[in-house]
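Listed after this line are the structures, all set down as structure tokens.
Look for subunit A in each of the two complexes below; its partner is subunit B in the first and subunit C in the second.
Coming up: the complex of A and B.
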């Protein structure tokens, strides 16, 4: 490595400028906004202290958004993780046509979320295929379709989200499976271990790092669920989420201080979960 | 046993690709059929929907905007992520670690936190509702820098040192020697950036308002609002958004997969 102060800064400057302008400044700016009453109409920042936060914690629509976000995170992540693991185990071994299945399972996760959400809006609506299917198996769907009912709107979006993302995490699990040394399985077979013994004594323990990585990134992503809510329900029928609330209070009602306070509250929640997961991860690997 | 496996895998495959097949099917339906769901095996096929969206309305404009913004953003990322990644891998300069940590920091930070301030900043800069808003904040990204740095770390320095002894300047070394060697990493980066940008909704949505600068996902998401949902035309527009992705997947599958998995296994 050589000493190149000038070239170093020159080459890194696009990043440094982007970082400063579009990350550091916004982060501090919205932290400041969170303690002010700043609206588009009056161009003055009025310092209000913790008022925005107090208002939030008494705001039923924010509390519902927060509750829904937690339902979304804790409802989807375990199911997504387990299904993607099962898919990875199913197509781990080499067999004819494996590539087709792997590609097919993966394709939804690189498709535009807007498009997927539109297609599922069609499938979930009255007379749509998922509507007809649920009638067929004897589960009577809400009269106006799954997205126009308080009972099912949020869960329908969650189900779609699981469907969409399992292929992506399957790929990560496949990469993790590949990195397990084959000798371990051979040795286990010599010792007379069966399928389940190998699964629980070798495969699953060694997949733990990948699984935790998947859970961490999925947690950060799921806490920010927005696009599918915007396209499918517009936050109606009790399906609003935290980022949807931020969007609505900030960019529809132009209550910037309030929206920033909500964004920071969510930020703190996500950070707390990430730190908890990381420390859990570290303790598990050390012992 | 083997047949059972194929049946199970095939059923899952059907579940995973049916929605996209259905999108294509609907896009070829005459739109006067209205809300009609018995059309999977219908014999009615028409190209009118595609003709309509490509000749009238704004769908073609959205498509062109997405392509143009995608190409510029991808080009910017190739150049800027490469340069920054090179600087972090090979140069020693004051504050280098600090700036590299800034990359990791942004990599982990949830983007929702900058929705409001970025909107206000873009507004104050006079860039709201312009192509600048879709391009400027996204010309370099932390994942790309990280990817390039990791890749350059695996390359031997001997060629660069030899060139330096021969008196080659830094620009020459970087662009003529190192950049060609980084082609595999830059290909992964380019495809990842283009696809992410192509599918991106949140920021293009909040940073623009007029139809002339709208990208395809934003145009599709707001299309619903115009009239009672016209599914055939909406699905034809959706197909416009999906076909390039499928084509990219067909040709660059290896790159896409390695872009996703390198981060995961290295952590």
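Coming up: the complex of A and C.
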């Protein structure tokens, strides 16, 4: 019996050791570092208490990064969720060529983020297709392209992110729609309910668990936005975000204590948001 | 069983023999580990040949090279020094030397190289607290590239060269007026590590400083900084196209931009791509002739923990010798030697563009070496971005930047 239990741990040990060394240990070690002035290459460091957090809250670059992250989260999530829901409702209908549309919307989600970001960098640049298109429709784009302007850089990255994400969330909504029993719609139709009545009384209430999942996942993902910024703007033109700030502090300036403090602050914010979202949805679902 | 024992015995004996042979054979052999950034297919064989020659002349020394890239080389070097696995010799960018010497990771080479200082250019970044920590190897400056055809179309005679700021401005404005898709000046976008290098020449030309000579005070907020930024902004706002360095160079080669600031890599590109462009180079002008430019460079340093410091310094002196620098420049078609004797070679005399770079090297300045440079650079770059792209008032912006730089200096 003991041997069986031991052999179980033995078989699981590669994962346990990897998890311990590469997840648990760095997690707690970085928490410790957040309270020190540790900088790579400086062979000594000391405990500084909350100094890194105080420095963060007075750092204009970090506050801008945090503000931009909130703009990103609140700007992309509602639009992404609504568009993906609309697309799911449209795609669910039985029409010719449905598979082509479904694949078309989903392809950006399985394409490399770096590749998409590079393509959009060209589309947004002066002379790029999106630049020319906006000129054609009478919208005057920034003189040097969308990504080289403080007014449009962050929003351009957000627009690309929405375009890229909707396909994946559409698929999740589609799965949710498929799980709604057809009898409910039939009964509603018999009772004389129209499209909107069915949408608001059956579809949306029953899609709540899927919507909660999408919003929570998208919130966490959006708070961690990095690759798009790294490839497209390098945080310039007022487009820096919290994770990009952490990257700059940690891997560019090697100020690990400071970067760890920023990372934990972001962790607290994401955790608070996730808890709030869960409790909000649960309360509404119960009521 | 007996057969098994014999087999085991033989294996053990052969293992011991191999171990003893390897110990005995290598007792006089020294391996110097050298990390550098020259991995491109044109230069790599040139460096390999230099190393082979060195190893033949020094039979007890073996050079083990590791190629780095500019994209992540700095990170790799920092991690190596932090984890105690640093190479004996490392190539460092000019901005990095102070950071590594301040943190106690480099060996002082003052005694070994003090007699060489007069023969080489660009020592400033290699010196920290009056000690020399890095030897200048390859320097890099920026000059003006001008499109002669566009100048002619704009009414300038064939011998026109902008000698001062007024000439430059006049030329840029005249070219800008030629057509809607022709631009006078190529102004850099907010690219990290690039934008400030294009603005500093105008600042250096006025003898401006970022930090006082003794390193104790921030002196960025001055009338010199104001005038330099005001001038650059006038070009930026009125006669420029703004884009990344690579795209500016593309547009210049396509004949769309009259004037850009660039390095000798553009000369190499024009030659390698066989571009048909009627251009010339000249030194970056100041308010009065001549102006100054920005110069950076690549330096060779010895790790403090290297057990072979003397051998490492000997190799550094070999690789940076006048002869090897000339071989390097000829193979790379660049004009960036740190050796004064190399700068006087006929290879540079015979090429008017390379000669401009050599002349500009003498009229260039480097940033003050400070361990906080990464932060100072960020402050300077951010303030330039605010002024150029966000219409921030110059005086207030440089005043605030100065205060932030002073805080950094005070912290150290």
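Everything below uses one rule, namely that the second predicted complex is superposed on the first by the 282 of 287 C-alpha atoms of A that agree within 3 Å, B and C clash if a C-alpha of one lies under 4 Å from a C-alpha of the other, contacts with A are read in each partner's own complex, and residues count from 1 in each chain.
What we mean here is this: a residue touches a chain if its C-beta (ideal position, glycine included) is under 8 Å from a C-beta of that chain, and two chains touch if they have at least 3 such contacts.
For clarity, every value in this text was computed on a predicted model and none was experimentally measured.
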| item | value |
| --- | --- |
| Contacts of A:18 with subunit B and subunit C, given as first, second, both or neither | first |
| First (subunit B), second (subunit C), both or neither touched by A:43 | second |
| First, second, both or neither for A:103, with subunit B first and subunit C second | first |
| First, second, both or neither for A:149, with subunit B first and subunit C second | second |
| Contacts of A:253 with subunit B and subunit C, given as first, second, both or neither | second |
| More subunit A residues in contact - subunit B or subunit C | B |
| Partner chain(s) touched by A:129 [first = subunit B, second = subunit C, both, neither] | first |
| Subunit B versus subunit C as contact partner of A:237, first or second or both or neither | second |
| Touched partner set for A:119, first subunit B, second subunit C, both or neither | first |
| Subunit B/subunit C common contact set on subunit A | 125, 251 |
| Touch list for subunit C against partner subunit A, complex | 75, 78-79, 81-82, 99-100, 103-105, 189-192, 241-243, 247, 374-375, 382, 385, 389-390 |
| Residues of subunit A defined as touching subunit C within the complex | 40-43, 61, 125-126, 143-145, 148-150, 234, 236-238, 251-254 |
| Parts of subunit A lying in touch with subunit B, wherever the complex brings them together | 1-5, 7-9, 11-12, 14-16, 18-19, 21-23, 25-27, 29-30, 33, 87, 90-91, 95, 97, 100-101, 103-108, 110-123, 125, 127-129, 132, 163, 167-168, 171-172, 174-176, 179, 209-210, 213-214, 220, 223-224, 226-227, 230-231, 242-243, 246-247, 250-251, 256, 259-260, 263-264, 266-267, 270, 274 |
| Touching residues on subunit B, where the partner in the complex is subunit A | 2, 5-6, 8-9, 12-13, 15-20, 22-23, 26, 35, 37, 76, 80, 83-84, 86-88, 90-94, 96, 99, 102-103, 106, 108-121, 137, 139-140, 145, 164, 170, 174, 195, 198-199, 201-202, 205-206, 216-218, 220-221, 224, 231, 234-235, 238, 241-242, 245-246, 249, 253, 256-257, 260-261, 264-265, 267 |
